[in-house]
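Once you scroll down, you'll see the structures, which are given as structure tokens.
Next, two complexes with subunit A in common: one pairs it with subunit B, the other with subunit C.
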Partner chain A sequence: MRSSNLYNPFNRIAGFKSLIIGLVGLLITTYLAFKTGTHFNGLININFAKDSDYWLFFTENLSNWLFISTFMYTSGLILSKSKIRVIDIFGTILLSRIPLIIAPLIRLIPLFQSFVIQSWQMYFVIGFYLVSLIWTTILLFNAFKISCNLKNERLIISFIISMILSEICTKLVIILIT
Partner chain B sequence: MKSITLIFGVCILCYLNSCSQDFKKLDDSEVDKNKVKIAQDFASNYLTKLKNGEVYKFQDEAIDAIKNQLTEENQKIVYQELKDKFGDFQSLEYAETWAQSSSKLQIIRFKGTFDKSNKKLEIRVVLNESDKIAGFWIRPWSDMLN
Partner chain C sequence: MNKRLPLKCPSCENILQVKQLHCEKCETEVTGLYSLPIISQLSTEDQKFILDFVKVSGSLKIMAQNMKLSYPTVRNRLDEIINRINNLDTDEK
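Our next item is the complex of A and B:
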């Protein structure tokens, strides 16, 4: 397996295939998040609390994906001269979120299920979460770049704006449902 | 270079771990069921009284600092704030017990259900070595003890 596939698999996987793989990833990540109490409450936030029902974890993950995809699709429609397929954006964005499974996977280990704040367990989980977050961000960037065929300033600025708007909307949804 | 980085990393982890060594989560077999019952009865009675518009009358189940802090007026103010934000108290269920070795305090954590919130709240009761209430908090639940 070429290492470039780890951060940019979208030349080979896109469209319906990426959507199906991403949906499987979303369902598994959500189930593990629910079992371990790992909240992805925002695009970059993580919280550890076994405090709610499955539907809340599902809504958190679903809204993250839908908002970022919608904002990136809208950016693409406005800024790109190429023809953009909805399924490419939504599929590749969903696929990009698969690395987020790392934190709930670690929290399946009993040692990481309940721990003291500022303990080594906390830093260990957050450390791995940061790695998965950076990985996800690189994947999101490449997914956006390839699916919308954007370059240079247009690509970078619209990516940042889409991320910020998605973060705000996701937070609002989470506040409303809790 | 790699081994120095590894040693440095292990030292940091050991230091961080030492900061939290004072607390230990008890296995179910180690948990004193009587202490859990004392804590559960207190928290449940306290919150039920306030939900019904009454106040909790302390006897000798708590230390003086708690009695002085949770005056009748304070009880009503704090419950009203809780009610505005999370709704009325519904129920609580036992979650876990932590022991602090240096002070022999036991931290007993319950998950509380409030009718306006989709999330459980933490109801924390701290018992001292004489099984008196030495702490009482209600806050959003976290799997991290702080």
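Our next item is the complex of A and C:
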């Protein structure tokens, strides 16, 4: 496997294929998050809480994906000169979120199932989460770049604005439903 | 050896023009000053892309399958070529 495929697989995968792979990833991540009490309550946030309903985990992951995709698609429609496809944006962005599976996956190991905030186990999990978050952000950036064919300052500014707006909207949705 | 058509002047980087044409069969030579068609001014890779694109009836989906690349990657490549053609067109005018 070429290293560029790890941070930019979108030269080869996009559209329906990325959507299907991403959906499988979303469902597995949501299930593992539910089993381990790992909440993705915001685009870049992670929290740990026991005994929440499955639908809450699903709504968190779903709203994270839908908001960022919608804002990036809107940015593409406004700023791109290319004929962009909605399936490319939603598919590649969903695929970008697969690395987030790492944190709930680690929490499946009995040693790391603690809910104590200031424990070395928690620092270990959060450390891995940060790595997966950086990886996901790089993937999101490349997904947006390729799907919308944006470059230079248009790309960077609209990416940052989309991220901020999605974070705000996801937080609002989670506050409203809990 | 497959010789590449030189497009730019090695001295000043300006786009070259055709001054002389030659018939291999009857040795006729035509001298004048002719501009290269825009498509000839593109790189060999861009020309190949355009030919392949025409051969698949302009289907980006089939192009993506043949090139083993994603649809948006191929579409972005086509947009870059269109941009280059527009720039060459503007330069000529």
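Here is the rule we go by: the second predicted complex is superposed on the first by the 177 of 178 C-alpha atoms of A that agree within 3 Å, B and C clash if a C-alpha of one lies under 4 Å from a C-alpha of the other, contacts with A are read in each partner's own complex, and residues count from 1 in each chain.
Simple rule for what comes next: a contact is a pair of C-beta atoms (placed from the backbone, for glycine too) under 8 Å apart; a residue touches a chain by one contact, two chains touch by 3 or more.
Small disclaimer: the values here were computed from a predicted structure and weren't measured.
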Comparing subunit B and subunit C in the superposed model, the one touching more of subunit A is B
So in the superposed three-chain picture, is A:M122 touching just subunit B, just subunit C, both, or none of them (first/second/both/neither)? first
First, second, both or neither for A:T137, with subunit B first and subunit C second | neither
Which partner does A:S82 reach: the first (subunit B), the second (subunit C), both, or neither?
second
Message = Looking at A:K50, would you say it contacts subunit B, subunit C, both, or neither? Reply first, second, both or neither.
response = first
Output check: A:T74 vs subunit B and subunit C. Expected answer is one of first, second, both, neither. What do you get? neither
Is A:N8 in contact with subunit B, with subunit C, with both, or with neither (first, second, both, neither)?
neither
Both subunit B and subunit C touch subunit A at residues none
In the complex, the residues of subunit A that touch subunit B are 37, 47-53, 56, 113-120, 122-124, 177-178
The answer for subunit B against subunit A in the complex is residues 13-14, 16-17, 19-20, 23, 25, 96, 111, 117-121, 140-146
In the complex, subunit A touches subunit C at residues 10-15, 81-85, 88, 92, 146-147, 149
Given the complex, residues on subunit C that touch subunit A span 68-73, 75-76, 79
